[in-house]
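A, B, C, D, E and F label the chains in the order they appear, each numbered from 1.
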Amino acid sequence: MVYLTRRYHFSASHRLHSDALSDSENTQLYGKCNSPHGHGHNYVLHVTVAGPVDPSTGMVMDITLLDRVVEEEVVERLDHTFLNLDVENFRHVVPTTENVCLEIFKLLGDKLGSKVTRGFPRLKKILLEETQSNYFEYEG
Amino acid sequence: MVYLTRRYHFSASHRLHSDALSDSENTQLYGKCNSPHGHGHNYVLHVTVAGPVDPSTGMVMDITLLDRVVEEEVVERLDHTFLNLDVENFRHVVPTTENVCLEIFKLLGDKLGSKVTRGFPRLKKILLEETQSNYFEYEG
Amino acid sequence: MVYLTRRYHFSASHRLHSDALSDSENTQLYGKCNSPHGHGHNYVLHVTVAGPVDPSTGMVMDITLLDRVVEEEVVERLDHTFLNLDVENFRHVVPTTENVCLEIFKLLGDKLGSKVTRGFPRLKKILLEETQSNYFEYEG
Amino acid sequence: MVYLTRRYHFSASHRLHSDALSDSENTQLYGKCNSPHGHGHNYVLHVTVAGPVDPSTGMVMDITLLDRVVEEEVVERLDHTFLNLDVENFRHVVPTTENVCLEIFKLLGDKLGSKVTRGFPRLKKILLEETQSNYFEYEG
Amino acid sequence: MVYLTRRYHFSASHRLHSDALSDSENTQLYGKCNSPHGHGHNYVLHVTVAGPVDPSTGMVMDITLLDRVVEEEVVERLDHTFLNLDVENFRHVVPTTENVCLEIFKLLGDKLGSKVTRGFPRLKKILLEETQSNYFEYEG
Amino acid sequence: MVYLTRRYHFSASHRLHSDALSDSENTQLYGKCNSPHGHGHNYVLHVTVAGPVDPSTGMVMDITLLDRVVEEEVVERLDHTFLNLDVENFRHVVPTTENVCLEIFKLLGDKLGSKVTRGFPRLKKILLEETQSNYFEYEG
């Protein structure tokens, strides 16, 4: 089993504000991230797929195919948006980077799952860098 | 003359839209950056000051002082904002990274200029990284 | 389960010298790192915590709390020190980066463990970069 | 158990072309990477070994020994070569980065395995960066 | 005057061998870089243009135009090639990174020069990273 | 004229303390950097030389020669030392990174100056990174 990881980039803005909390709870929990008009990041997305190496191609997966799926499902949907208003899934879900991870994993898992032969390649992990100070990982 | 550069970080969002252009000109010129609710970046700011090395301290400038000025004048003002709405100077000036550079240079030049002895240390240059793909420099 | 990782920085010096070895064994094993007055590094510390995403906040853990614990327990204790002389734990333990990892994991595990609800968030991993050429990981 | 990772660098060129495929299949699958005279990369190799910390040295493994093995077995063999023609193993195996990973793991595993006491340190993982956009991992 | 820099990436291989030198001089001067079948790098190209900020757009230059020129003139020509054989200009000129810099500056200068109004934007500088250990700059 | 820059690495420790200042002035000015037993950094040194490209070699300078001079004059002298005690020049000069820059420029300028033909290659600039947050430049 070999793991292949590709890095992708998108720039977006978000506001952290939960409908389940009062205004003062939002302010206290999210601090500056609750600022009303939002703020933004250059997100770096690492997509890891796992599989055996195909002996005739020497590859775990055709990278062109992976790029197409990630571009269509994730980058086109999230890049240069204000996540809270422009992306359907974040109208009622707080777009913390944790939740963006879960959403991306779901989008890619569904799409890659339909292109798989005998269980491989399999989506293994999403790693999403929000800033130089933090990143988040989800393995399904 | 030695140059000292410090790096600072802030995250903000912006929308590129010029009142001097029609809607279709805005769309054509700025592309996705004209998206109505904005998008964001992790900006990396390099501030360079120039001066001789003080023989008694071995320093071009007290870094604590530089940090305080940049924090107060730039980071607190721009970090976690939507530049177009939250920062006075960008209500009528397009917040391209070029214009953010000019604004930061002006803010710092005014403030540092008032703390100078015999002309030094002098603000030499602002370098502002917008994404991993581009950065801008201004020397006054 | 989502993993959240935060990066922290501290600068310290150390000397690799083991009381369990003779002087010539120390010289042979540690080479330049045995130099008598020590040398230093910019350490980069990655702290990973694991947990489910809280549906009301969208977060694995309040980052402000994590930052406070790491600052108090690790950064204030180790930053700008000579580890061998200034940090109690390394008076009789060689401050190799392996041992610094173990010590940081213990300090954080104790402190974070006391702030946990139903077992989460849990300290998952410490990764400590010593130079651009090497890093160490410990998972408890 | 502590994991120690060292980074190594080598520059090489390769051509992706599989004898198991027709010319048009090669062109379609590998695209520009099938260009007849090859192209190249600055590879970054991360070698991870795992083991307990020796209480008398504070180390998982003598880094000097690890460096010598990796230099002799991998860097000298692959650095500044055209993998397809200059490295025996890739005369009949496509030098995709997946296959380079498998080969490096084999070379290092054999050599490190012969230097082990009571099962440790053990070669844990190879991570090989091909470009800023992708990297591959293999754990044996 | 503001400086705008964009980063571009291409992967290529080259062999350092000068027709003006004997075989033994080539070996002695270029060392491993004289290896007969070449070796390769991930080149990072920084293109800097200078100009005043257009008050109606807030920009030094339309980045889309810059990207198109660099893609057509440089990246398509050099990416995934063996410079010595695949690029006309390096059939009789040693493709050291110094010479690749000069060639790129000439290609871009000619093309950007034809798109300029009243002297701006002007190609200011080329910076070309060959490895993590070295980079070259040329300002015309 | 082409500029060639090479990056070198060394790890050292230092204490900022000036004999020209009182103890309380030292504490106030240098803060944690005045800590009595010192602390350390991974320094990254960029050495830039300038010259025309030699038409027979395609190079500004033989990199092997540059590496040898920097290794002998700088890296061997400063790497894995406590600058204040182990390096003659810093026994009476505060080893701020400004002063380390000046010292390195002097060491390299003297040595490279003696290897020059018709004025080239010429030492152009020293850039010294102290941490991820600051770096210093000196051009003689």
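The rule is simple: a contact is a pair of C-beta atoms (placed from the backbone, for glycine too) under 8 Å apart; a residue touches a chain by one contact, two chains touch by 3 or more.
These figures come from a predicted structure and were not determined experimentally.
Asker: Which neighbours does chain C have in common with chain F?
Answerer: Common contact partners of chain C and chain F, which must touch each of the two, are absent.
Asker: Can you tell me the least number of steps between chain B and chain C, where a step is a move to a chain it touches?
Answerer: Tracing touching chains, the least step count from chain B to chain C comes to 2.
Asker: Just curious, how far off is chain D from chain C if you go by their C-alpha centres, in Å?
Answerer: 29
Asker: Roughly how far is chain A from chain F, centre to centre by C-alpha average, rounded to an integer in Å?
Answerer: Computed from C-alpha means, the inter-chain centre distance equals 42 Å.
Asker: Could you say which residues in chain B touch two or more other chains, in rising order?
Answerer: Correct list: 132.
Asker: If you go through all the chains, which pairs of them touch?
Answerer: Once each pair is checked, the touching ones are A-B, A-C, A-D, B-E, B-F, C-D, C-F, D-E, E-F.
Asker: Which residues of chain B touch chain A in the complex?
Answerer: Touch residues, chain B against chain A: 9, 11-14, 32-33, 35, 37-42, 79-82, 85-86, 131-132.
Asker: Residues of chain C touching chain A in their complex?
Answerer: Per the touch definition, chain C meets chain A at residues 1-7, 53, 55-60, 62-64.
Asker: Hey, which residues of chain A end up touching chain C in the complex?
Answerer: Residues 16, 18, 20-21, 29, 31, 93-96, 98-99, 101-102, 132-139 of chain A touch chain C in their complex.
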